[in-house]
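Naming follows writing order (A, B, C and D), and every chain is counted from residue 1.
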Amino acid sequence: MKTGRLEAFSDGVLAIIITIMVLELKVPEEGTFEALKPLIPKIISYIISFMYVGIYWNNHHHLFQIIEKINGKVLWANLILLFFLSLLPFSTAWMGENHFAQNTIAVYGFNLLLCALAYSFVLNTALMLESKDSLLAKAFKNKTKGTISSILYLIGIILSFFYPKISLFLYFIVAMIWLIPDKRVEKNII
Amino acid sequence: MKTGRLEAFSDGVLAIIITIMVLELKVPEEGTFEALKPLIPKIISYIISFMYVGIYWNNHHHLFQIIEKINGKVLWANLILLFFLSLLPFSTAWMGENHFAQNTIAVYGFNLLLCALAYSFVLNTALMLESKDSLLAKAFKNKTKGTISSILYLIGIILSFFYPKISLFLYFIVAMIWLIPDKRVEKNII
Amino acid sequence: MKTGRLEAFSDGVLAIIITIMVLELKVPEEGTFEALKPLIPKIISYIISFMYVGIYWNNHHHLFQIIEKINGKVLWANLILLFFLSLLPFSTAWMGENHFAQNTIAVYGFNLLLCALAYSFVLNTALMLESKDSLLAKAFKNKTKGTISSILYLIGIILSFFYPKISLFLYFIVAMIWLIPDKRVEKNII
Amino acid sequence: MKTGRLEAFSDGVLAIIITIMVLELKVPEEGTFEALKPLIPKIISYIISFMYVGIYWNNHHHLFQIIEKINGKVLWANLILLFFLSLLPFSTAWMGENHFAQNTIAVYGFNLLLCALAYSFVLNTALMLESKDSLLAKAFKNKTKGTISSILYLIGIILSFFYPKISLFLYFIVAMIWLIPDKRVEKNII
């Protein structure tokens, strides 16, 4: 089974997820700068989630560039990933709407954690199809980044009830870990 | 006529259907866990429909991978399928909004039945273009799964007025029938 | 300039147009069949527009299958077509919301007329790039269907203020003209 | 890294941005022509933004047709461009909702300016990957249009507080600069 249509479908879903989040920025009825102020927390949470969906799209793109064959399991693992990503517009808007209240930060972190676990599930089902010497196996042998991310999410979820700002900072750190290009992987891919 | 653009268009529509369902999860105004509780039936119905749209995408993907030529009839049969699938966000949200009230479960089952009938219509119009010895004819000779699904939907619709929970369970069973990979079909395809 | 990305972009826009119309079917707060009744005019207008967008996608698909080269003018003519098609969800919902009131039927017909004119504009800009002996010129020499459609829309718009039901019937007739496959064109294409 | 999937993803996001703007045209509850009048400023702002997104899609299309290789930086520059473009439905609706109030015109111009800067960032990151003799370097050597646009946006933002109509006219002029095909570029591309 080729990966073409899976990529096209995932691109479609990711493009919609990243774009419909802007629909939660409800247009203020007044045309003053004052009226834009209550939108600031929403815009901040939109930026964070835009970055995250961008990171997932970017990694998904990289991953399926070196995957050669897939089976039904990879298709379903990918759908589970898309499901948890599709909840991001909700958890993002809830966090923005409630000015980063403690519970909303915990739920947002939990959503990010579920996405991360689903992503490694996609990776593992794909690895099971390839030999240990394959390009994929080599490129993704080192799972440190994934493990660190999950641990930081978990700490973030727990801390959200005590120091919500630190949680947000941790989520931001994880995004940065993924944003800064991973030389080792790039080398293996190209 | 090649299938490329039909697949791209269907992927687009399915990607939008599967994603806009999340827009029905209206963001609660309060940032408490309590405020999330009323969303539980909506999330459950979202999960069921996400699974169903995923199954349809998966099967559509498989089907058009072995279809070699299409004509105007297949195009229109496919549009009828997309129409009934496009009603799923509505029937899903109605069912979730009303906490799985009897009527809403009946309508949801009716929607699923219409999708199933439209899907076999697509399959039949495609089969009419191929010879009896074609890959397609062999792979989809056995229509037991389709027939069982339609019967279970019908029973589900009728039972919804008496035992709505059993109806939901039947819809879930049908999803499972399709989720568990069909070894026979996979063998014929590859 | 190749047509690949123009087709992909148009498919994306058409897929979204055809799907977001369902968002106008607001979910009733009650779970009774009674609560679904007010939605009937909306569903009827949704069906008509779904058919129309399907027809445009189908014809667009056919047209760009035989177009070999495009230029900036075709790109912009195509964007004008997409613009008028993007207004269909609005005029459809307005007509459904107001139970096919006279003015709404006139505006809906006007929208359909603008789409038809934009479509022939796309066709003409494409024809200007090809020789008179090209496949495209031969396949689309006969413009009777386009002319009849525009005349029927015009009559429909005028009649909407006196006999709105006849207008709706005329719009339906035009859809049928395009739904029934045009043997002559198909022959020229393949 | 090939550009195929970046183009597909960008097309998806641009298709959604251009289409969801129509969701801001809220359907009037009455079926009279009077009820359509308050929508006129919204439709005008929709037309301007539709033109702009069309221009960006068109230029994006041209740009990535001659780009041969990309890296992570181009991917992220492209995501930043998509982010600012994704804010257009918001600033467009705000401007239309408030009948082109001064502040809304300033914010709209600022959004356009950010899009223009992000676009030249994409262009520059792509240029850094190519040699000075490359097709890309030649085609985009002359940056006059980009510079003039940014200056006109800046003037527009400042003037919006004194002569808002002139600002709108300036934004319109910039759109026209880009709409009229750039012979020089076309020649270099083909």
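What we mean here is this: contacts are C-beta pairs under 8 Å (C-beta built on N, C-alpha and C of every residue); 3 or more make two chains touch, one makes a residue touch a chain.
Keep in mind that this is a model prediction, so the values were computed, not measured.
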Copies subunit D and subunit C - interface residue numbers shared by over half, same or different: different
Most distant chain from subunit B by Cα centroid: D
Euclidean distance of C-alpha centroids - subunit A vs subunit D, Å: 27
Between subunit A and subunit C, centroid-to-centroid distance (C-alpha), Å: 38
Interface hub residues of subunit B, defined as touching at least two other chains: 8, 12, 15-16, 20, 23
Touch list for subunit C against partner subunit D, complex: 1, 5-6, 8-9, 12-13, 15-17, 20, 23-24, 72, 75-76, 79, 82-83, 86-87, 89-90, 93-94, 97-99, 101-104, 107
Residue ranges of subunit D touching subunit C (in the complex, touch as defined): 7-8, 11-12, 14-16, 18-20, 22-23, 25, 27-33, 36, 47, 50, 54, 57-58, 61, 65, 179, 181, 186, 190
